[in-house]
Amino acid sequence: MKQAGGWLWRLSLANLLFLYGPIAVLILFSFNASRLSATWQGWSLHWYRALWADQSLLAAAANSLWVATVSTILALLLGVGLAVGLEGVPGRRQRQIEQAMLIPLVIPEVMMGVSLLLFFVLLHISLSLTTVMIGHALFNVPVVMIIVRARIRKLDPRLLEVAADLGASYWDALRYVTIPLLRPAILGAGLMAFTISLDDFIVTFFTAGPGATTLPLKVYSMIKSGMSPEINALSALFVVVSMGLIGLSLFLQRR
Amino acid sequence: MVEQSASIEITSLVKRHGATLAVDHVSLTVRRGEFFSLLGPSGAGKTSVLRMIAGFETPDEGTIRIDGRSMETVPPNRRPVNLVFQSYALFPHLTVAENVAFGPRMQGAPRNEIASRVRVALDMVKLSSKEERVPAQLSGGEQQRVALARALVNRPAVLLLDEPLSALDQQLRQEMQVELKSIQERAACTFVCVTHHQEEALTMSDRVAVMDQGRVLQIGSPQNLYESPTSAFVARFIGISNELRGIVRRIDGERAVVQSPDLSGDLQITLPIHIPVREGNVVTLLLRPERLRLSTAAQGLNGEQSLAGSIDKVLYSGSDRRYMVRLGERVVWNVRVPNDEFGRNGLSRGDAINVRWQISDAVVLTE
Amino acid sequence: MKVSFPVRGTESPGRALSWWLLGPGLLWIGLLFFVPLCLVVVISFANRGTYGGIVWSFSLTNYLDLLHPLYARILGQSILLAAGTTLLCLVMGFPLAYYIARATPKHQGIWLLLVMIPFWTNFLVRTYAWMFILRTEGLLNTLLLKLGLIATPVELLYSNTAVVIGLVYGYLPFMVLPLFAALERVDRTLVEAAWDLYATRWSVFRRVILPLARPGVMAGCLLVFIPSLGAFLTPDLLGGARSMMIGNLIQHEFLVARDWPLGAAISCVLMLLVVGMMAWSLRAMTPLSRREHES
């Protein structure tokens, strides 16, 4: 091969450094004992303890978990239905529907947030935690659909024929063959949707009613009211939890 | 009037793929309890016919009746047939026992009945010890037996098999040919098997339908097809056939004289009973390799036709020798001579030899 | 993989039943996504009421208002910042994608995972990280001061530069992945043959590798440009008073100025830009793929 540019390898490493550096810095400094952030003054768990003591923070975390759970279940039901149902639709129409369902993922989130806000207001639906859940369930349905469909494509088509040959009706085949075989993908999709919901800011921002604070919204208001090391600690937690959940999700999808 | 012993009755079945006819007006009857094979090269349409019997494809024209009942409005999950796929298609997330139990479960059988039926089915295929295994832990041959058991446990009127032995290696294949036949007899079930291996079809089947390009060319017992093929295609597809084309010059009662452009001298043939032959007709002679004998003697026996030639090639295959004998510029015949004395070297390349056969042994086909 | 339950004369039950599964999902997205979008378009032609409501008299006022230099500047700046982000992502991401494309399949998986993982963490947190670094009392300044490279802290935060950094940071993976996919498909023997033909590395790159990677480049640019154009958080946190982008403008009109019709109009303009970009890139990509099919 041509002279393997050592510079290529170094550039790639630099890119990785760029990607992980800020996160690493954040996590590192969350343990910084000093309040004056950027100078290192020794290890401390002080800021994590402060997080734990903050009631509003805990309430926001509870909200986030609640919203994530409900919206994920909803997204799973709708998304898996889409993924499996699409199998019965012939070629061209199938592709069209698939592509249409991907559009919510491509457009800027601001637009989704704003259009949902408009929709709720015009229908006189007051904003609350529920509207947030609806918004989350909205953008997570395509996510679930994509992940599950990727797995469906790898399934042996003969398995469904065999099931029918052995006397299974459409629903029997679904229940005893398709869904069990899709289980890792469904779990993985659920975890992915859960994480995305926990992390979401923009759509939440536009659809949250008063008192319906989620963790990202709380972080945002904390940032707006001034920098503080607690935010570092919170961010570090966020990062670790997200990475863990996503790692688990990918592992399940690959099985 | 429906034949009472008919298991499957197919009438004028047609299936089109775009503009081409994948299945071209196929009609056949499968008798109850027989081992029936659909034999032909790939693309012959045999798998399409099988899938239409199973209900996975809809015929464009024609009818399929199973046990006298028309299958026109019956979906595959309600037909009294079961299909064993070429790839076996075992449920990867279920154990062997659960795989076999699937059919009875779908039919709503009570639990203890399912358990006993599963046991019986696994016994029949000799796989009782592997009940708790998962398909990924089984060998190819074992997977096939699970697929068989899974189909047989439902006591179908007909068992359909799609190239059942093609995924197995040579050794296993020979064993399974015998095994499959005995399973069929033990289960007393009608089997319809699709294959492109003529040896397999001949060994296992009671009757075979030879198909090519969507049409059925000939249906008959293996002996029928081998010894009395009705077309050159069938003759060539089943076993080796030596051929010679010629024109009928003179008819002498039961015999005729044929002249072939590829040889010097005339040939005598026995006229076939059911096919009218007249002077000037073009006929094809077919001879099986084992019906020919090689001789250096000047005179043949009574009733024999003789042709002179030279040895082109010798192939030693243990139990016999095959000689490629050149009889004319474009005619090379395959002669099988059993190796009746070890140590003897037989003829060699370049030797002059006579090829002889009983005139009545030649199959005569008209165009 | 088709569910084959074909039955002549009656409608295939498999097909009818699958609509029961599809239906809810389709309805959900149709109702909550496509319908609201249409609402936005409709409202963009309406007018603002005195107290912030909507007056249902239709006109083009809002769109005409957008021609005002104030709004036009923000629009233009957004396009510029998004374009700059895309360019930077391309320049940074290409070597990375190229490197990964040439790695062994096992390493490829690891590298791709490494590239994607930061993306899966909270965007807010990642943006905050840059605030932490770029502030006047932030990490970068502290380091530079300590090293004696500067005398007084540099104003990095609350500027267009910071916004671009934040955007590049957020969307770099979106450039790397499609680039990688395209580069991975490039036939290595083709490249090696090119080495025999062309003398310099640059020629090989320009004449062989780049054209073959074009679909990947287009996809990557699209995937970075569109979200950057509609960015909201990044300019909000990292940008100064003069770094307003379309996303912030929309938020401002909806939640602060309460001029919903105007906000809707801005959204429609954004939507038009997005759709326009996608259509243009589709057209730019199809002749290439058709050419690939014919060769």
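For the reader, a short list of remarks on this structure follows.
Chains here go by letter, A, B and C, matching the order in which they are written, and residues are numbered from 1 within each.
The working rule: a contact is a pair of C-beta atoms (placed from the backbone, for glycine too) under 8 Å apart; a residue touches a chain by one contact, two chains touch by 3 or more.
Here the structure is a predicted model, which means the values were calculated and not measured.
Set against the Cα centre of chain C, the chain with the most distant centre is B.
Inter-chain contacts peak for the pair A-C. Relative to the whole-protein C-alpha centroid, the nearest chain centroid is that of A.
We define each chain's centre as the mean of its Cα atoms; on that basis chain B and chain C are separated by 62 Å. Centres computed as Cα averages put chain A at a distance of 17 Å from chain C. Within chain B, the positions touching two or more other chains are listed as 55-56, 75-77.
The set of chain A residues that touch two or more partner chains comprises 156, 161, 164. Counting partner chains per residue, chain C has residues 4-5, 13 touching two or more of them.
Across the complex, chain C meets chain A through its residues 1-5, 13-15, 17-26, 28-29, 32-33, 35-37, 39-40, 43, 92-93, 95-96, 98-100, 111, 113-115, 117-118, 120-126, 128-133, 135, 137-139, 141-142, 169, 172-173, 188, 191-192, 195, 201, 226-227, 229-233, 237, 246-247, 250-251, 254-255, 260, 263-264, 267, 270-271, 274, 278. Residues of chain B touching chain A in their complex: 54-56, 75-78, 81-83, 85, 87, 89, 91-93, 102-103, 105-107, 150-151, 154.
Interface of chain A with chain B (complex): residues 156, 158-159, 161-169, 172, 176-177, 180-181. Contact residues of chain A toward chain C in the complex are 1-2, 8-9, 11-12, 15-16, 18-20, 22-23, 25-26, 29, 36-39, 77-79, 81-82, 84-90, 97, 101, 103-104, 106-112, 114-119, 122, 134, 137-138, 141-142, 145, 152-153, 155-157, 160-161, 164, 170-171, 173, 195, 198-199, 201-202, 206, 216, 219-220, 223, 227, 231-232, 235, 238-239, 242-243, 246-247, 250.
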